[in-house]
Amino acid sequence: MGIYKLGHVEARVPDLELAAAYYTEVLGLVEVDRTEDRVYLKAWDEHDHHSLVLKYAPRYGMEYMGWKVESLDDLERFENAAEEWGCIVERVGDHELLATGPGIRFETPSGHNMMLYYLMDQVGNGLPKTNPPPRPLELVGIAPKHLDHLLLTCEDVPETSRFMSEALGFRLVEQIISGEGHQTSAFFERTHTTHDVAFIKGTNGGLHHYSFWLDNISDVMRAADILRLNGVEIEIGPTRHGISRGHTIYFFDPVGIRNEVFTGGYYVDPVQWEPITWTEDQIGKAIFYYEGKLLPSFQGQHS
Amino acid sequence: MGIYKLGHVEARVPDLELAAAYYTEVLGLVEVDRTEDRVYLKAWDEHDHHSLVLKYAPRYGMEYMGWKVESLDDLERFENAAEEWGCIVERVGDHELLATGPGIRFETPSGHNMMLYYLMDQVGNGLPKTNPPPRPLELVGIAPKHLDHLLLTCEDVPETSRFMSEALGFRLVEQIISGEGHQTSAFFERTHTTHDVAFIKGTNGGLHHYSFWLDNISDVMRAADILRLNGVEIEIGPTRHGISRGHTIYFFDPVGIRNEVFTGGYYVDPVQWEPITWTEDQIGKAIFYYEGKLLPSFQGQHS
Amino acid sequence: MGIYKLGHVEARVPDLELAAAYYTEVLGLVEVDRTEDRVYLKAWDEHDHHSLVLKYAPRYGMEYMGWKVESLDDLERFENAAEEWGCIVERVGDHELLATGPGIRFETPSGHNMMLYYLMDQVGNGLPKTNPPPRPLELVGIAPKHLDHLLLTCEDVPETSRFMSEALGFRLVEQIISGEGHQTSAFFERTHTTHDVAFIKGTNGGLHHYSFWLDNISDVMRAADILRLNGVEIEIGPTRHGISRGHTIYFFDPVGIRNEVFTGGYYVDPVQWEPITWTEDQIGKAIFYYEGKLLPSFQGQHS
Amino acid sequence: MGIYKLGHVEARVPDLELAAAYYTEVLGLVEVDRTEDRVYLKAWDEHDHHSLVLKYAPRYGMEYMGWKVESLDDLERFENAAEEWGCIVERVGDHELLATGPGIRFETPSGHNMMLYYLMDQVGNGLPKTNPPPRPLELVGIAPKHLDHLLLTCEDVPETSRFMSEALGFRLVEQIISGEGHQTSAFFERTHTTHDVAFIKGTNGGLHHYSFWLDNISDVMRAADILRLNGVEIEIGPTRHGISRGHTIYFFDPVGIRNEVFTGGYYVDPVQWEPITWTEDQIGKAIFYYEGKLLPSFQGQHS
């Protein structure tokens, strides 16, 4: 099976208290643990110890992304594969990171810190394992069900795509191709959804956004209310993507990291899928199907 | 990866024209092909040639279920595994069945005909592979997106569970346990959803229902309208399951096969999932969370 | 304009604390005021002081229904009209009832206590009158927007219909006619919705249910979750009415009064509407369009 | 009762065929009748003969708006009231206009042609009056349920407000007030919804948009899909208004008239409502609550 899931993201935030307050009260994640310089959060329906780590740092951004693998053998296999691509791979011991099993860590050709790991401590979703109700009685804020995917930026999308496919076994679901025939965006899956991670052209090592899952369009509409009632600015949405067909809202956490809430998509056959291609003249529809045009702000990070 | 998806079901129907009319006009599947005694159907967002085959036969029921595997090696591996369980395994040649790659066929200990196969001809979902809109302009009837799962009956649920897990690699997601501690229902996944197939106590070889996927609760409510506008009786729903948390409607096709439309559920970690257990005194909530009690009709087939 | 709105209902409850806890925490009404033997409640988006009064009494039921009229002249006009029908009409002084303007009170031919009154003290909906957000940030329980309508029982539906139309100016929207041509149910409006009050055949003076408004089908589905999470039994629903086309759930408060949450319906032209007629052989569809049959429990009060 | 409903709008369109095709196939109105230079349309759930008339004319815009009154006496009363305000009032004979009862016609101080009329021929909503299903089986396009409201422009909003209130009995629901304390927008009701007609500052006699009603947010989201699948540009939305709290999409018909689909709002007590005031510094939120800012295009007509 190899990599089977985006497990967690560590984000750098210049104001830990402000960020933690936003992620728990507005986005509605659950605070699970806290150390001197880190806050560990999970979405309510996740069972793993955490899916988002806020780490104090002077400049906001993504510290690393953590992906779950099926077995210890996978770690060794990916260690070899990444080294063959020239990556310097570091071993991470069992519970060297809080609540996290053994893993490997390396920088991808796209300039992102990537961790692969086997197992995370289970804390459960707050519902009993015997005769559980379908949801908790009380939820705070938007309360997405789980971390869904990442959108990252890099200088060389085709090179990054090859690494993701050949070294790590990601499958290409959709892509944007420029007029000259170059791949400028690439969307990859390991969960047979429309994307677990995607790359668009930009600075190496950049984070465009991370995205949290909602079950229904009506939850997306409700999320827009909650954001605005809390004074959070919406960048765009509720709207719909052409790529992935998902319904979406983009907005920013208080330190400037773009967040998304997302629902929808389609099943991707991991064996027989033929990627969808968008031509760059249709990029407006590809990104925002209702607006039909890109947002000026959307290409970069928040300033 | 092994088995990765419920690919198709062949249903026996005593009136092929009546059944085909219902499945295309009310449920809103697409007729892809037709032979003298069979009609081949797919849901609109499936790319495989078919997911439901209607076969003329005097008595309604499930002829077989077909599951997709990742590779030719898997076929050999499962052939051995099934034979070790005492199944008589038959090879099916490439395109011996319409549009279907090579496979194996055997009867499970639960008395169901099971086919595993590698590849199916792709017909696409009617949208272009370049710059596709998010949905077709015209859809007929309920128009679910894809076949989702099966519920089958068998005499010995624990034995069937062992076969599904040990021989075929299915993972147990939820189960019902009787007062005496016997497993009376078992829900299994291969797609990290709440169930791709489930078994409840009953006649060996029986089909309780097959289920089609809708994206939203509002689509489930709309499906109820469409069923009734077409004079189709609803057995129960719109309601919600305790098991799987899904929103659901049960109803019958014109020959007596129970259908379901379904949305919801949750992500199942294929490595670290601990099964949910329902105790039989809570079976009402487990099956129909809103009603809190079983339907008298629900245990059996339509009569 | 005459009568323009169902203003409030006073319900008799044998356990005031239990009922108040349910109506505030589960249904999600707001407690506005309290006296020794009464609790005054409103739905969050109502501006009037109260729409539901719980009054301690040994036996549950409806004490009276209060309807708002446009002017003091209306009171005099309806006083005369009711007296012409043989009702004994009593004047109620300004603020003789808490927060309530002057009115008249009488027993209808159907055996119900009816109050008509002019003005109620305004307490607002909790949102500012300048630059209000579209909803409060925090809502508790189901949190319907307002009291919507009543369903009452009486022995002589045609006689009651004549009184409602001729004496009080209600307009008939829908009705059920028995095989012998007798009207057995009648639905009346004053707000150009499908019904503000309806009568079905039963005991004189009986209350079948009162109903609260939700804006969307997704709110109805969410209400079902909240009821069950709080251990409240659902009588039926989420389902849809043939009459009124509304989406609905029926359930009981802890003292046995049937509640409904409701959304949908259609605009009724108060000048040119021609009533819809249901024949009694279609009563199943008329009441529960999805089930197509009446519930045994539905005809009576809770026991 | 006086004026009780916006009955119909006559729109001038420079291309009758193009406009008729759009309104029937994309918006999903029903064509009821057609003369040499006019096409008569209704929304599916309206019973009146028409609610939108397309009239051939070289320049697009609103020819007149037609409002229904309760009685012939109302016509005489409003004739006097309008004349007192200096309007020149013209009588319109019974069926002088197709399918339309007797009325009066005059130009408002805001420069709009206004017709008040008593009765329109009934054509029904396509469902039987005995045992009707809750909706037709087949609907085309967006298929709103009825015409909902108008937004008009005028030079002097306070003067227009006085005319609407004092001469015609409209009730002010919400308003925008400039920093200098001048009323720059005013929203009026006669149906106890948030608005049947509104005025914003602009050219006298101008039409900003007309709006059609949908029952649910999910229908609004579906409308966005249908517009884009048909190649119709969306000006803004799906989004939410601060004023009225409604969920909305704005878009243009092929001749340049702005259309809206709308759902939501709240009940307005016609006797005790205290208007909501928006200050101009909050106009962004007032108009588009999610975006928090006005659209540059939004102030004017399409160019």
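Remarks
In this document, chain identifiers A, B, C and D correspond to the written order of the chains, with residue numbering beginning at 1 in each.
The working rule: a residue touches a chain if its C-beta (ideal position, glycine included) is under 8 Å from a C-beta of that chain, and two chains touch if they have at least 3 such contacts.
Everything quoted here is computed from the prediction, not taken from an experiment.
Greatest Cα centroid separation from chain A: this falls to C. Taking B-C and C-D together, the chain pair joined by more C-beta contacts is C-D. With centres defined as mean CA coordinates, chain D is found 31 Å away from chain C. The distance from the centre of chain A to the centre of chain C, each centre being the mean of the chain's C-alpha atoms, comes to 48 Å. If each chain is reduced to the centroid of its CA atoms, chain B and chain C end up 44 Å from each other. Contact of a single residue of chain D with at least two other chains is seen at positions 133-135, 216-218, 225, 228, 240, 285, 289. Chain C makes touch with chain A in their complex at residues 133-135, 137, 216, 218, 225-226, 228-230. Looking at the complex, you find that chain B touches chain C at residues 217-218, 221, 224-225, 227-228, 233-234, 237-240, 247, 285, 289-292. Those residues of chain D lying in contact with chain C across their complex are 1, 4-5, 45, 47-48, 68, 70, 119-120, 122, 129-135, 145-146, 191-192, 215-218, 240-242, 245, 264, 266-267, 269-279, 282, 285-286, 289.
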